[in-house]
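Below are structures written as structure tokens.
Look for subunit A in each of the two complexes below; its partner is subunit B in the first and subunit C in the second.
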Partner chain A sequence: MKLLRYYTYALIAMLYIPIIVMILYSFDNSKYFGEWNGFTLRWYEQLLHDTQAWSALKNSMVVAVLSAVISTAIAIPAALMARDREKDIVSLMIYPPVIIPEITEAVALMLLLIYLGFPLGLVSVLIGHTAFNIAYAYIALSPVGGAGARLAVAARTLGADRFTAFLKVTIPVSMPGIIAALGLTFMMSFTDFIKTLFTKGPGFDTLPILVWNRARRPGLTPYTSQPAIAALATTLILISITIALAYTLYEVRRSEKQGEL
Partner chain B sequence: MKGVEVYVEGITKKYGSTTALDGVTLRIPPSEITTLLGPSGCGKTTLLKIIAGLEPPTKGRVYFDGRDVTNLAPEKRNIGFVFQDLALFPHLNVFENVAFGLRVRRVPEAEVKKRVYWALDLVGLDPSEFAKRRIHELSGGQQQRVAIARALVIEPAVLLLDEPFAHLDYKIKQRLLLQLKRIQRETGATVVYVTHDQNEAMAVSHRIAVMNNGKILQVGSPEEVYERPNSSFVASFFGEANVLPGEGGFIVIRPERVLINPDRADTVYDAYIEDVVFQGPLLHIEARVNGKIIKIIKPRNGMAVKPGDKVRIGWLQKDVRVVPE
Partner chain C sequence: MKISTIILPLIIFLALFFYAPFIILGYQSFQGLGGEFTLDNYLALVRDPTYLHVILYSIVIAVETTVITLLLAYPASYYVARIASGQEKIILLALLLTPFWIDVLLRSIAIKTIIYTIGLREGYTAMMIGMVYEYLPIMFLPIYASMSRISRSAIDAARVFGANTWDLIRRVIVPMTLPGIVAGSLLVLLMSMTEFVIPSLLGGTQGFTIGSLIYYLFLSGGLWGVGAALTMIVTVMLMVFAFVIAKRAGDITGW
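Coming up: the complex of A and B.
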């Protein structure tokens, strides 16, 4: 099985080599990609004073946090309260958005927004992200949803009214799913490029949009030199990894405490 | 604690075009264990859920001590319900699981502690050892006890159990059944116990209601139902039975009432011993009579038959029960 092992190494290398090369060049003291002029942190220092990047980060955060919270809140009743037949129907309806090509979603959204005369900007991006995040939130929630509903019934036999049962049992029991839904939708939104591009107005940039804007005409300003773009993209990766790590840590702690649901 | 009398009257439950319960009327006496016994799909769990208020009946009424509770929400019925899958709260420890019903009733903290400890003691879990444990750290039998303690701690008017011991080992099951009987005696609660297992039903019940196809076929003490089954279904579902075509329907003869080489019998046949199965103190014997198998159960002492033996078997008329269907 040696062959299989080398195959796996090759596979992992293919996944990571482009990213590693990019990260390395974000420390390159040169204006262009491909010529190594020694180690530097200047691209990262430059980022600290990059008002465009900061504003894009703020926009990304605002959209991702709001979209995660809203889409999860909307998905909770569907995932936790729908039972049996209703649940089958909801599941059937909720999966297609996940498999439709993102570009068509994006175009459809843009057309609808234009048709409605909706002003393009933060709110239109937020609506676009949230609409599709509901599907992901539902999928993340549904494994715990059944248990939450079942245990709420048990709570009611013990004297809790509907609301108390939901608050004291369904929500805490579903917390792993809620956290997973929040994490997943945050990441979907934070890293989204296509939908954002089609639904954003002029002057409203998120981090991925900024990376793209700079990457398509590199070298014009210090901010758009190739290593500077690499530094910006590396920062984006760092944020994503931090969030994924925080989630993993939470999940490990929880399953140690509560066991598998 | 004094249990209530539960009376269900003309309960019909339909799911679309299928009828789960078909006009069921049953009086469940206070402070006794009544078992709903029947095969899966007979409607016993549905009836239990209707008593609990977890399902509304399509037709019919439910009364607790003469009070109509048909439209009362489950949380207002003061019941205890032990679910087949237990439905313990994984995010709470043992103490908080048991305390749940008391907390929603806003019982003062000192009283909560006293009663949770009482309930854990009652089901045989040492509070000092188990109160702080997480649910997933407990064995199946221990989880079962927590579920019962959680249902009992609120001193329910009626304790409803839906096949609570179905997934447990035989020995643990036997112990918990005895414990359930003791708890019922000590608390005086009305208990409704749902099972498909006749041995559980015999072990635990004051009264048994045998169900099939959404109907109650017979109600009585275990002895009554065993000795005087009113149909071939009840005879073969509750205990072992030989059901043979006879005058006016079928005759039922229990395996232990079949005699081998009798000195005196009202009915005698020639038979071959087909099979002899060792069951500890008892032998389960199968004898072939005119191509039909007759089941016989005899104490092992002094019984020397082996497969292939030619014997006479028979029974006394007083041991035969005639049923119409």
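Coming up: the complex of A and C.
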């Protein structure tokens, strides 16, 4: 049994060693992975003056915020107010976006946009992200749906019209779920790579796309040296982990509170 | 049937931007170069040895990934589900789930640093290390779930009737975790078959898989018909398998 414990610990350590090594190399005063030439902060300094990275960050933020808000807004009425029969239809519709591999979704959407003559750029990327985010927003909202719906019925028997009941009862009661949905969809969109790659068109780069472009052609410019890519990737991982931690802590506190109710 | 306006925005958005694209994709897959109806795109995938080779090669990689992750994840899932408890169990589970939050692109770059550190370069081995690294947590979860469900009394009963450790594993634990093994294996097999990022960044000249082929056919090759046919096959296959998993192991994966 001791052996099994060490094995499990070693296996889990394997999941983290590459990330730790990458973080170390982002401080490496060399041009390539695998050789250590002393500690430096220059790759991070370079990142501060990297106009491409800043504009990619801006694009990523714009897409992620808009996609989170739009997909949550579309999912709210379906998750919080729909009747059981309607929910069955919705459930049937949202599972394929979760199951189907992203690359096939991305290719299909790209074809449709080209058929329609829709210009590829910010809006097409936003549409692509929102199409899969709706499913995740719906899933995140579902647990609070029941309570909100029951209280809304109570409000209506007390004389509120449907709209007032929704605005004054359902939305406030469901706030924790709405925040969770926003967090999850922001995260999905912010880190998305494949859907973006196929729907972005030339000239519109998000941070993951920038990482991809540079990682594919390493070593040609100071920005594409391996430690510079490691620094960019480390920065992105820190952002991801921070949001993920905030989201997880929020979810834990939310489930504790729901336990009290 | 009456559908209220409440769920209309969701239905319309998904119909327009998720389901309609697949109709266009299906249409494209039956289009010849001159716009006529044809089956050539599908036949090309089987006839042309280059395509067939890429497809078979991707299946080999996916099967290898599945077998290796299954062997690696199985003992660990037994430990986490049945031996670890309290604080230790929570920490181990959290550590196994955290990588899901880091995109495969970033994790591939992390693997690259390791590959270079141990003196390897991009190629088949590097790609397989990346694949196993990516899919290990995905294999772990369904097996862990079915492992957690084995009742203590089933194991005790086997012990009482004189089963040694080997018998216990072979006759009780493996059969009882079979739904988890099947679900995890199908999940990894299907997801890894269309993996695009890892082969592209770590595979070097060995990294041309179905994912890269789809990318190439659409974004640089301009062969949309064949690309659409290939994507259709992958999608339909996945939907069928997903349906089978949902039917057979629905309660375990939570679908």
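Note that the second predicted complex is superposed on the first by the 242 of 261 C-alpha atoms of A that agree within 3 Å, B and C clash if a C-alpha of one lies under 4 Å from a C-alpha of the other, contacts with A are read in each partner's own complex, and residues count from 1 in each chain.
The criterion applied here is as follows: a contact is a pair of C-beta atoms (placed from the backbone, for glycine too) under 8 Å apart; a residue touches a chain by one contact, two chains touch by 3 or more.
Please read these numbers as outputs of a predicted model, since none were measured by experiment.
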item	value
First, second, both or neither for A:244, with subunit B first and subunit C second	second
First (subunit B), second (subunit C), both or neither touched by A:252	neither
Partner chain in contact with A:233 - subunit B first, subunit C second, else both or neither	second
A:41 touches, of subunit B and subunit C: first, second, both or neither?	neither
Superposed model, subunit A: greater residue contact from subunit B or subunit C	C
Touched partner set for A:18, first subunit B, second subunit C, both or neither	second
Partner chain in contact with A:169 - subunit B first, subunit C second, else both or neither	first
First, second, both or neither for A:150, with subunit B first and subunit C second	first
Partner chain in contact with A:160 - subunit B first, subunit C second, else both or neither	first
Common interface residues of subunit A - those touching subunit B in one complex and subunit C in the other	none
Complex contacts: residues of subunit C adjacent to subunit A	1, 3-4, 6-7, 9-11, 13-14, 17-22, 24-25, 28, 72-73, 75-76, 78-80, 83-84, 92, 95-96, 98-99, 101-117, 119, 133, 136-137, 190-191, 194, 196-197, 200-201, 211, 214-215, 218-219, 224, 227-228, 231, 234-235, 238-239, 242, 255
In the complex, subunit A residues that touch subunit B	147, 150-151, 153-161, 164-165, 168-169, 172-173, 175, 257-261
Touching residues on subunit A, where the partner in the complex is subunit C	1, 4-5, 7-8, 11-12, 14-19, 21-22, 25, 32-34, 74-75, 77-78, 81-83, 85-86, 89-90, 93-97, 99-101, 103-105, 107-112, 115, 127-128, 130-132, 134, 138, 187, 191-194, 198, 208, 211-212, 215-216, 226, 229-230, 233, 236-237, 240-241, 244
List of subunit B residues in touch with subunit A within their complex	52, 54, 73-75, 78-81, 83, 85, 87-91, 100-101, 104-105, 134-137, 150-151, 154
